[in-house]
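Below are two complexes that have subunit A in common, paired first with subunit B and then with subunit C.
Let's turn to the complex of A and B:
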């Protein structure tokens, strides 16, 4: 393996490297990764030869793959025998799941990366952990769903985990009450996917439980909630009113770049860690846009070595509000959700086919 | 009781039996009756002068095609064609237009109306400003007592998934016109026609352009701009999703000339598309990006991708290697051949429109002769791919919408 484990980018202060220094460190590492994947993944090499042959002198010139490609193509940069886990994720729009091939090396880097990030949010101690999901999620570890992988990944940062949903995804009140009786008077960790946490909130009455010592970490996108007119502000206000929960951090990440999650800072912006970054592109021309302009998000990360996922064009829209301070260093991002779907007209799409 | 939503004439729910009965009792008309011509010409006039319609070039094409002078010419041609083979209306026509090319319902309905038929048009539920504008003018005209005879022959309807309505209309009609979508045709064919009834179907088709590379290289800048302007219409109308929208550009010439011509022509296409406001939706851009990456991964013959504004051009080595799928929204496959004759081995039944530039009539005639019916129903100059005509998909629609009464006079 050419990418060393003792990666200085993983050792750097996670949210403490000013953007210019960060870019200077990321660029050579990502160029090396691009070259590595070109050597190791023939499909990746072919796509770059035809579609992105130019020189790379800045982060925004790094070739990217559209994230949808992981749905249609098996892209790996290691021999099949070295693949230890295949992550799958259906995303929100497609029926075909993405497939992400991890070897032990990349899996370990993901774990280290996530640990660096979690330490910033949770502190160095492993807190008792409440999981807003059901235990059955983790049964098959060779074919892991992204949700399962997310939960499993987070479990390393908590202690004595308790799942509060049952198999039918209903609130297990006894499990919740039992956990709070044991751990509710000291800091504890709550983890779940955003829409599952919202389901939990909706099942509770105001003041029914006291989560005021909890630290909630949630992720998974807002699509389901935006349909019900719930945004981050409403989400947080409702949590506070119902449960007293005040420390809430959302994450932005994807199965195709596990480990490089962006974390919500004290001001409510998502911030990429030192070993990852975001580039906002015009949704029509795909050229990079200046700070303050909404566009499609490209995410880069030094973590993926076993598959060419170190530079991906997502289907999400977002905007960088400003770069570096106050608070954490880096790009201060808001994710605005998926690119709106647009129907294409087509000859085979007739009244009869549509309805008959 | 099974009902449909009648949109024209009037508006409201009507039982399918009552609708069919009313049309059966409607007064008969002859092809190109004064009443039919007056209505269609008035509708065309209304569209051509409506500022809202002017924002949709396809409505201007519709209005122009159906202008009174054109209708009079069609009427005269039919009247003088043959005294022994007299054209008469075919009867009750059941139209199932596509939802994507939203002017087709009007062409299908109005040409049939001109032929003298009684028409039931099943509209798609898909919202379309083009359909709404057209129906708005038609509704106003049909409410006028002057057009009462036309109103009595017309029913524009919408209905959801209902096999019983498909069966009732299919059994009652003399001609069923199904506009595209192989799936739509299969679905409707589940409903039997009357023994004498027949289908006129427009299945899924593909179209391509054939351009002589030297003709672009040698053309003046103005001439290139004119060709590019025409190609913008061909490529960007209807999101490039009509059967007649070219998906492939075949350059005829040397590789060097093709390269130079490609950059020259598509560069202008990109600029003109931008000037005319053909901006893509972000979702279309993303769809094209993913499609292109997949194409490169899957097809070793893909050698180059270039972006000219909203137009993506993906070059393939070898005509036979051109992939069949296509993402729409400003995307062309491009390849180069040495001679027009190479088309013969490529063209199949699925090919509808051949768009051309830089060839003589003799050269084009030779291509059609060599194809010998393998495929291609339309051969049109660049810029005319989507110009609707009564000749479509190998049919003369006025002929298809009428039947022949053969008259043999006795001797003496």
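Let's turn to the complex of A and C:
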């Protein structure tokens, strides 16, 4: 059995389509999605009337929504009866959570997309899986947190899952030791959110456990860690020293675009898969900026059909270093963290105006 | 019913939390409320433990009905008629 979908973009080599071909394939698909959401989501239609995009002849001309709109608005492109899951994400502190409405079709596309990406990183075999979180995360099934959905989504790629944190988020040393006794001598998968993995690392003494056969996949951003002066280099070096773990891959993704995650390549750059892309924009003028220039990130993805999340202006800053080879095809990105709030005025004004 | 067929049935009944006499042969993924994405992972773990097999990623994604689950375990070397 192979992992397939009726969408040729999902069947394309995940990190093997050169950028010009990729853009040529994405453009018509994303224009169709824009038209679909315009028809199916009245709120989106009204917003496009305000944004009034001109003719779309390139990816950067696609209209986008500021990602914060998913906090202030219920944006769905399917009738309520077809919504099977509502993802919620607190995102930035002290705000109402984002709500992302999924039907079975979009949920399936997210799963297939993530599978295409993960089999690229891990291979087709499921590995024994250590989850740096607590098991209670998966209990409420109708209103699943983005973190819970992330863990559940990753469980597809792991077997014999063991959660190594207890309810109070403390390391369960017995669970960890038991897992390593059974599976520690062959390749195994470790998955967790970046700051929780860091908590685990901090709870361990140098050499206390041997994770040298592990493959760590982590995501969730560096916000908490940058406050403690921990960047990707420090993170990886500390993991290696304390646990022997060498294979570490970070992901960049968000609740509003589950499935189309960007993966860290062998050179440490984040790379979007064939069915998604990134456009870097000037934080003030929002015009696209050239390669090598820092700006705010717009992410596009062909996955979302049940909500208008196919083109989003994020609140993250980043820079594309170069495009295509060596290694994987596509834009080679570094995410630099959240944009300072004051600079977001353009976006939140849109939301405020719509609310009024 | 043969023991291996019984094992597969029992794995479904335990993972989905349905009555022992439920018509599992008719179940499809998300076709009943008990078979949601969380239960699906419990079902995968249950089937792997019952037959001491390791399913592939494609199996996990493709196992959308009892009938398909049956063909998957057969492909992994389980004699379902035994």
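What we mean here is this: the second predicted complex is superposed on the first by the 333 of 356 C-alpha atoms of A that agree within 3 Å, B and C clash if a C-alpha of one lies under 4 Å from a C-alpha of the other, contacts with A are read in each partner's own complex, and residues count from 1 in each chain.
What we mean here is this: a residue touches a chain if its C-beta (ideal position, glycine included) is under 8 Å from a C-beta of that chain, and two chains touch if they have at least 3 such contacts.
Since the model is a prediction, treat every value here as computed from it, not as a measurement.
More residues of subunit A lie in contact with B than with the other chain of the pair subunit B and subunit C.
When the two complexes are overlaid on their common chain A, residue A:138 makes contact with subunit C while staying clear of subunit B. Once the two complexes are laid over each other on the shared chain, residue contacts for A:55 go to neither subunit B nor subunit C. Touch criterion not met for A:326: it reaches neither subunit B nor subunit C.
In the overlay built on the shared chain, the residue A:290 is in contact with neither subunit B nor subunit C.
Contacts of A:160 after superposition on the shared chain: subunit C is touched, whereas subunit B is not. When both complexes are overlaid on chain A, the residue A:79 reaches neither subunit B nor subunit C. By the touch criterion stated above, A:118 is placed in contact with subunit C alone, subunit B being left untouched. In the superposition on chain A, A:339 makes contact with subunit B only, not with subunit C.
Shared-chain residue A:104: touches subunit C; no touch with subunit B. With the contact threshold set out at the top, not one residue of subunit A is in contact with subunit B in one structure and with subunit C in the other. Residues 96-101, 122-126, 159-161, 163, 166, 178-185, 187-188, 190, 204-205, 238-239, 241-243, 279-287, 289-290, 292-294, 296-297, 300, 302-305, 310, 327-329 of subunit B are the ones that touch subunit A when the two sit in their complex. Only residues 30, 36-38, 41, 44-45, 48, 54-62, 72 of subunit C touch subunit A when the two sit together in their complex. Within the complex, the subunit A residues that touch subunit C are 1-3, 84-85, 104, 107, 111-112, 115, 118-119, 124-126, 138, 141, 152, 155-157, 159-161. Contacts from subunit A toward subunit B in the complex involve residues 43, 46-47, 50-51, 65-66, 68-69, 72-73, 283-284, 286, 296, 313, 315, 317, 339-342, 344-356.
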